[in-house]
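First up is the structure itself, then whatever we jot down about it.
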Amino acid sequence: MRQWNQFLEPYKQAVDELKIKLKGIRSQYNLEDIHTPIEFVTGRVKPLASIYDKTLEKGIPFEPSAELAAELPDIAGLRMMCQFVDDIGTVVEILRQRKDLKVIEERDYISNKKPSGYRSYHVIIEYPVQTIDGEKTIFAEIQIRTLAMNFWASIEHTLNYKYEGEMPPAINHRLEKAAEAAFRLDEEMSLIRDEIQDAQQYFSAFKEY
Amino acid sequence: MRQWNQFLEPYKQAVDELKIKLKGIRSQYNLEDIHTPIEFVTGRVKPLASIYDKTLEKGIPFEPSAELAAELPDIAGLRMMCQFVDDIGTVVEILRQRKDLKVIEERDYISNKKPSGYRSYHVIIEYPVQTIDGEKTIFAEIQIRTLAMNFWASIEHTLNYKYEGEMPPAINHRLEKAAEAAFRLDEEMSLIRDEIQDAQQYFSAFKEY
Amino acid sequence: MRQWNQFLEPYKQAVDELKIKLKGIRSQYNLEDIHTPIEFVTGRVKPLASIYDKTLEKGIPFEPSAELAAELPDIAGLRMMCQFVDDIGTVVEILRQRKDLKVIEERDYISNKKPSGYRSYHVIIEYPVQTIDGEKTIFAEIQIRTLAMNFWASIEHTLNYKYEGEMPPAINHRLEKAAEAAFRLDEEMSLIRDEIQDAQQYFSAFKEY
Amino acid sequence: MRQWNQFLEPYKQAVDELKIKLKGIRSQYNLEDIHTPIEFVTGRVKPLASIYDKTLEKGIPFEPSAELAAELPDIAGLRMMCQFVDDIGTVVEILRQRKDLKVIEERDYISNKKPSGYRSYHVIIEYPVQTIDGEKTIFAEIQIRTLAMNFWASIEHTLNYKYEGEMPPAINHRLEKAAEAAFRLDEEMSLIRDEIQDAQQYFSAFKEY
C-alpha cells in the first residue's frame, strides 16, 4: 500500500495544482466582465479499484511502474464544465497556450461522438511536478464538456459498470433517448448564446452563485 | 461598510456551516452504497448590489435592519442539485427531519412552474448562529433542483438582468424552447432512474468524480 | 473497514462542522477590531492505529461500539491555539455559552500541569450530529493552549511514542528544560499583553496573515 | 478599484498555487516517514492599506504599475513555519532546487538578526503565472522561520503599527525579553532535535494533528 501511496503522490499533487490553476482561469474571466467559458472544475486521482480493472483490460501487471503510468494517462484526471458547446474550443485553446503544461494529444468526441452517444473533448497533457527528489513529469487527462454532456456521461458510466459493457437493448435504447435530449438542450442553449454573452457584461456585480 | 460587514457576518457564517452540513448528507449516502439524491451543493451570501436592488423593488430602506432581514429571507442562500426530479422530494424530507434548522415555508415551483418556465423547490428555514454576543437566528433559503433546472435558471437569471424583466418576445420564445429541452432531459432521465439506482450499488468502489 | 467508516462518519462530520464554527469566532473578533483570543484552529479524527492502542491500554474490544465511544471521548478532537495564556479562559467561557454544544467536563492542566510538564486546557463536549438516520450525539474533545504549549506538547507526544512511556532520564531532563523555556516565553508574552491588545485596534486594516 | 483587482489577480493566483505547492512538500515528507521540516504554510496578498503605507514610505505613486511591482516584492507573500532552526536551511535548499520558481534574492536574518530582535529567513522568488492574456512573471516573498520566531514577529508587527516605529523604551525592553525567551525555546528544541527526528519514524501511523 505504501508503494502505491508513493507512486500516486505526484498525481495527487498534480490534481491539486491543476484544480487551482484551471479554476483561476474562471476568476480571470469574471474580473474582466466577459462571459466565462468555464462553469466549474473537478479533479480526482483514479481509484485503485479502477486502476486494477484497467490493468486487467490491458493485460499489464497491477503494480506501480513506468509501464502502468504510460498505459494509463488518466490516473490524474481533471474535468472542465462549460455552459455552451462553443465554449469548449475556447477552453482547449487556452490550454494549448499555457507554458506550465504541454498538450500531447487531443481526442474530439464532440465532432465524432462515440457509438454509445458519448460526447466530450479529451486532452492529454504532460505536467511537471516538483518533488523532494527532483522534478517528475506525469501525464494527466483533461475532459472538457458541457453540463448536459457531463450529466449524460455520468449516467452511462454508472450503467456500464453494472452491465460490464453488455447493456440490454432496452436500456441501451433509453440511454440513446437521453443522449438525444441532452444534445437537444445543448442546441437550444447555443441558439441563445449570443444573447447571454451580451447580457453577462451587465451582470457581474449581481452574479450570485 | 463596517456596519454591513457586521450585519452580514452571521449570514456568512450560516452559509459556511450549512454548506458543510448539506455536503455531509452526500457523504453519508456514498458510505451506505445507495444512490445519493444530492449531486453538489453551493452557497453564497447575496451580493450588496442585489440586496440594494431588492430594497428598491420592495420600497424599504437600504440599511442593515431587522426589517430588511425579514423582507429578504434569501440573504443566506444554498442550492442543492439533484440527478433526478424524484430525488428532490427525498432531499426536502431530509431537511424537514433535521433538528439543527427549522423549515418555515416551502414553495413548490416544480408542480407549479412559474410562467417564465422556472422550475425549482424553495425552502425557507430558520437557522440559529452562535456568535460572541449570543445566539442569532437568521433566515436562509435553500433551492433544490435538478442539474437541467439549474442550467436553465442560470441562463434566465442572466437574461433577466439584461432586459430588466422586459424580455423581447423572440428571446422569450428561445428561452421557452430551452426550458422544454431541459424538461425533456429530466423526463428521459427519470425513465432510467430505477436502472441507475440499482446500478449504483455495484459501483461505489469505482466512483471516480 | 466499512463498519469502521460508518462508525467514524459522524465524528468526521462533527470535526468538519466544529472547525467552521470555531474559526468563525475568530472572524467575528477580527470584524469588531478587538484582540482575538484565537490564533488558529485544527481538528482531526483519531487515526485507527491510535484508537487500537487506546483499546489495548483500556482493555476494551477493538470494535465500533457504544462502549468504545464512551471510553474514548477524543475520537473527534479539536485544538484552539491562543496567543496569550489569559486568552484561554476567554475561549473556555465562549464555549460554555454556545447553545449548539454542551460542555460536560473540563480539565485544567494549566493551573495543574501534568508531572511531565504538559500544560493545556481540555474540554469534553457533547455535540449533536444530524444524519440521514436521525440525530446522533457524540463526544468531542477540545484542547485549548498557547502556541508555546502546543509546540512543547507536539514534541513530547512524538517522544512518548518512541519510548512507549519509558523515557530515558537524559531525554526527560531535556524535555523539562524545553517546557521551562516554553513557560518562560508565555510569561514574557503575558507581560506585554495589555500593550498588544491596545495596539490591535489600530491594526486590523493592516493585518496581513 | 477594478484596476487594482486586475493588477492583484496574478498575485492572488500565485499565492493560491504556491500554498498548494509548498504544502505538498510536507505531504511528501510525511509519506516517506522522515521528519518533515515544515510545520505549516500560510499565504496572503498584501492588503491595500499596507500597500498604500509602503508607497508613502518609498515615495512612489499609489497606483498599479510595474514600478510598484518592482519596489514591493512582497505583494505575494508566503510563510513556512518549521519545528527546528536547523530545518530552515533544508527548506531553503528545497526552494533553490525547484524548477517552477527562481530564487533571486536571500536575506538571512537568522545569522544576522535585526536590531529589533527579528529573526527569519527571507527568500525573494520570480514566479510565472499563466493568465488568459499569456504568462506574467511576478515577484513573491517566502519567509521561513520557526514557530517561536513567528510568534515573536507577530507581536512586534502589531506593536510597530501602534507606535509607528517610535516604540517607548519600556515596551522595547519587554520585546527584547520576549525575543530572548523565544530564542531560548528554539535552542532547547535544537538540543532534542536528533531524538525527535529519530522518534518520528516510529510515529507516522499515529500522527494525529
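We call the chains A, B, C and D, going by the order they appear; numbering starts again at 1 in every chain.
Everything that follows uses one rule, which is that a contact is a pair of C-beta atoms (placed from the backbone, for glycine too) under 8 Å apart; a residue touches a chain by one contact, two chains touch by 3 or more.
Treat the numbers as computed from the prediction; the structure is a model and nothing was measured.
Chemist: Please identify each chain that touches chain B as well as chain C.
Modeler: Shared contacts of chain B and chain C: no chain.
Chemist: State the chain with the largest centre-to-centre distance from chain B, centres being mean CA positions.
Modeler: Relative to chain B, the chain with the farthest C-alpha centre is D.
Chemist: What whole-Å value do you get for the distance between chain A and chain C if each is reduced to the mean of its CA atoms?
Modeler: 40
Chemist: Mind checking the centre-to-centre distance between chain A and chain D? Centres are C-alpha means, answer in whole Å.
Modeler: Once rounded, the distance between the two centres reads 35 Å.
Chemist: With chain centres taken as the means of their Cα atoms, state the distance from chain C to chain D in Å.
Modeler: 25
Chemist: Going through chain C residue by residue, note those that touch at least 2 other chains and give them in order.
Modeler: none
Chemist: Per the contact definition, I'd like the list of chain D residues that touch chain A in the complex.
Modeler: Residue positions touching the partner: 2, 5-6, 9, 12-13, 16-17, 20-21, 24-25, 27-29, 31-32, 94, 97-100, 128, 130-132, 134-135.
Chemist: In the complex of these two chains, what residues of chain B are touching chain A?
Modeler: Against chain A, the touching part of chain B is residues 42, 44, 46-47, 49-50, 53, 77, 79, 83, 147-148, 151, 154-155, 157-159, 161-163, 171, 174-175, 177-178, 180-182, 184-185, 187-189, 191-192, 195-196, 198-200, 202-203, 205-209.
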